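So that we are looking at the same thing, I have put the structure below in structure tokens.
Chain naming follows the written order as A, B and C, and within any one chain the residues start at number 1.
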Amino acid sequence: MNTDNQKLLELRGLRTYFFTRQGVVKAVDDVSFTVEKGEVIGLVGESGCGKSITSLSILRMVPEPAGKIVGGKILFKNENLLEKSEEEMRQIRGNRISMILQDPMVALNQLLKIGYQLSEPLKYHGKAMGQIREKCIELLKKVRVSSPETRISEYPFQFSGGMCQRVVIGMGVSCEPDLLIADEPTTALDVTIQAQILRLLKRVKAEFNASIIIITHDLALAAQICTRVLVMYAGKIIEKAPVKVFYENSAHPYSNGLIRSVPVVGRRVERLYSIEGQPPSLLNPTAGCRFAPRCQKAKRICNLQYPPEVILGDGHKVACWLYAEE
Amino acid sequence: MSIVALYFFTVIFGPLITPHDPFKTNLNKALLPPFWQSEVSTDHLLGTDSMGRDILSRLIYGARTSMIVSLLALCICAPMGVLFGLISGYFGGKVDTIIMRFTDLWMSMPAIITAILMVSLLGPSKQTVIIVVGITGWIHYARIIRGEVLSYKEREFVQLARVTGCSNTRIIFSHIFPNVVNSLIILVTLDFGRVIIITATLSFLGLGIQPPSAAWGLMLAEGRQYITYAWWMSAFPGIAILFAVLGMNMTGDWLRDVLDPKQKLR
Amino acid sequence: MQKYIFKRIVQSVVTIFLIVVIVFFLVRLTGDPLAMIVPPDAEEADVQILKKKFGLDQPILLQLLVFLKSAARGDFGESFKWQEPALELVLSRFPATLELAVSAMLIATIFGLSIGIVSALKQDSVYDRVGKTFSLLGQATPSFWLGVMLMLFFGVKLDWLPVSGRGSLLHLILPATTISLISLASIARLTRSSMIDALKSEYVVMARIKGVPQHVVVLIHALKNASIPILTLMSMQFSYLIAGTVVVETIFSWPGTGRLAIQALLARDFPVVQAFVLFASFIYTAVNLIVDVLYALIDPRIRYQ
């Protein structure tokens, strides 16, 4: 099947915990997945399930001193990022792996010129010496910002939200990274802008041949752009599937619930489906399946022991007792 | 907290605990060092000044003077500030604009300049200090209280009072004022330290309390002339001020944590 | 940008004008200005002559007009004590005060910022705790006492530094340190808290995601944003700085305007006091104007309003 040289990123048993006064919050608890070259992965789940912390862990940017990566491996091009020095990590950030944050209006520094902020990755990763301005203008053109020559010396507050996100994407791809992580890239934007940004991401992916991890709670978005979907729930990945398989044949009761709660145009329903109950606290979680308290199909064992990962088909894996032998 | 309690204790019971008469001069005993440096006598714990007066006793009396002057000054600026703040915040509109423009203007004169002007007009005295500190300090209160009032003005209980036909005066004093009392307590405590320093500074410069009164700032001014051979004359009054202010500031911070958990008053 | 600065200049001029008017009325309201000039045993006839001479028999608004006219010319009368024009006297002492104030501000800013930044970066470390204690103490120390103690320690006991007068750079150290301490403490405290906020913000995370080196993140991304509240504080601190020069000049016999003001005050030399008051207000207003221009330079949102 997959050979190692196609693998770009592999997470093995990643654990990121937060040590708070109330106790240990297991935000990312034994997460493993791989990202292959050219893939677009959708990391899907409710807010607070550990999606963002997973991505921050990959960049080794978990907010310290409360947060800490306590276990596992992050293999990027077969090198463990957890063994890198801070300076080596800095050279990877924004260069080989870059990230786009949710709200572009706060992610950009309001007091610095767009051009300056755009040029930083180039400058600090030794790209495009001496012709930084030209490179920045070119980048703005690529992310479809009009009249880049003048806009380059403007400030973020003179840009609209969508324009800001284009700039942030431009910053993200400026060093032609191997992996681009987009954390809720469209959530803070108007619906009409969302589609444009999504199209931009697709084009960027094609042009730079980067792998992308899109973090979202929006299944419709994931369906449009992703090749594979990972569902995360309470710090764990519960289902991994190719996008087509996922939408037609999702296995985990939680995934089914998510799909059923997306409204579909043209289908009349009495009431939109919603999953009962609240996501569990990540503080001292139970030993069993974390979805069990909300699961309608829960069995006795679900509350006692965490389910093993079961392979259902090509690239389709699920962690659920409905498919495993007790 | 315990520092503050100690100071208030000294202020109230001062005359009972002073070992010597703070005003009695005795030139034979002038400039005695504190007890641990003294071979002659341990009678004067913190030594004596150039006129042979006991430093400890003068410090205790000084606490009385400084505290009373500061309190009186606060009695002027706090009510004045609160009144203008309430009026400005509650009525809004032109009244508000005029009062706020006036505070802007007042703020564009540094306090020390106002003080110098006032002293030159009224002459240096205890009363002048009280007036100066009083009229330079109210701006701060007015602004903060105004801000508070603005946030309460549109709340239901005020609207309700208005609907039931309460007079403006009644609404201001029985409905809004009780809500700003907490802020007021914090402000006054935090301001106390500032006022102590200002009164001491004015006295030090010879613009405030006049000799032979015992006041911390004044004692320091007297001690400065003997700095080369009687360090204790200057050192102790300063330490007294430092701990008084420190105590007040820490109490203020503590009160803010207790009474104002949302940390509005930063 | 030009429009903003122009607006602020007009505001400043209005402020100064109003201050002059207020000073005028305060002087007239609180007593008979003649009483400050004429010896108490003067003949009634002489008083009348003086009244005429100073125009005090005119209606009050006319007096105000005369006062404004002479104020605009910088004419505040002649000093009784020094027999020189009051404003010239104040101006001649100003360079000494400026030297002191600027060095104090530099000390406070440089040390305050660095202590604050390091405390913010090493939150809750031993260093941070020392810094916190230091700023708490700094805010409670009366500057005149600190001046006297520094004088005692470095001047008298150790005999390292001169304790009075103006001259070499060495003369400057003690007075400038004394003035700067209070501002230093509060600048350090505010720098710490606004840097902590800035370092937690999304744009700092973003900068780090881009692979910007730590020192650039701290000094450019975080500090630039944190500097706005710090600048506000510094403009407020300037008022303490003026008070500081008055006190410290007196202690260290520094021949500046502050000491002059106190001397004039104690000698009841009213023209000099008045000239000083108006001059100091003028400087203060000018500094606030400069601070507002600095805001606009740092924050483009103000510039493009």
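Everything that follows uses one rule, which is that a residue touches a chain if its C-beta (ideal position, glycine included) is under 8 Å from a C-beta of that chain, and two chains touch if they have at least 3 such contacts.
Fair warning: this is a prediction, and the values are worked out from it, not measured in the lab.
Contact counts per chain pair peak at B-C. Comparing the centres of all chains, each the average of its CA atoms, the largest separation from chain A belongs to B.
A separation of 22 Å divides the Cα centre of chain B from that of chain C. Remark: chain A and chain B have CA centroids separated by 57 Å (rounded to whole angstrom). Each chain gets a centre from the mean of its Cα atoms; for chain A and chain C, those two points are 53 Å apart. Those residues of chain B in touch with two or more other chains do not exist in this structure.
The touching residues of chain B, counted against chain C in their complex, run 104-105, 108-113, 116-122, 193, 197, 200-201, 204-207, 217, 220, 223-224, 227-228, 231, 234-235, 237-238, 241-243, 245-246, 249-250.
Within the complex, the chain C residues that touch chain A are 200-203, 205-214, 216, 220-221, 224-225, 298-301, 304. Here chain A touches chain C in the complex through residues 59, 61, 63, 90-95, 98-99, 101, 103, 106-112, 120-121, 124-125, 155, 157-158, 168, 171, going by the rule given at the top. Chain C makes touch with chain B in their complex at residues 15, 18-19, 22-23, 26-27, 30-31, 136-137, 139-146, 148-149, 151-152, 156, 238-239, 242-243, 246-247, 250-251, 261-262, 265-266, 268, 270, 273-274, 276-277, 280-281, 284-285, 288.
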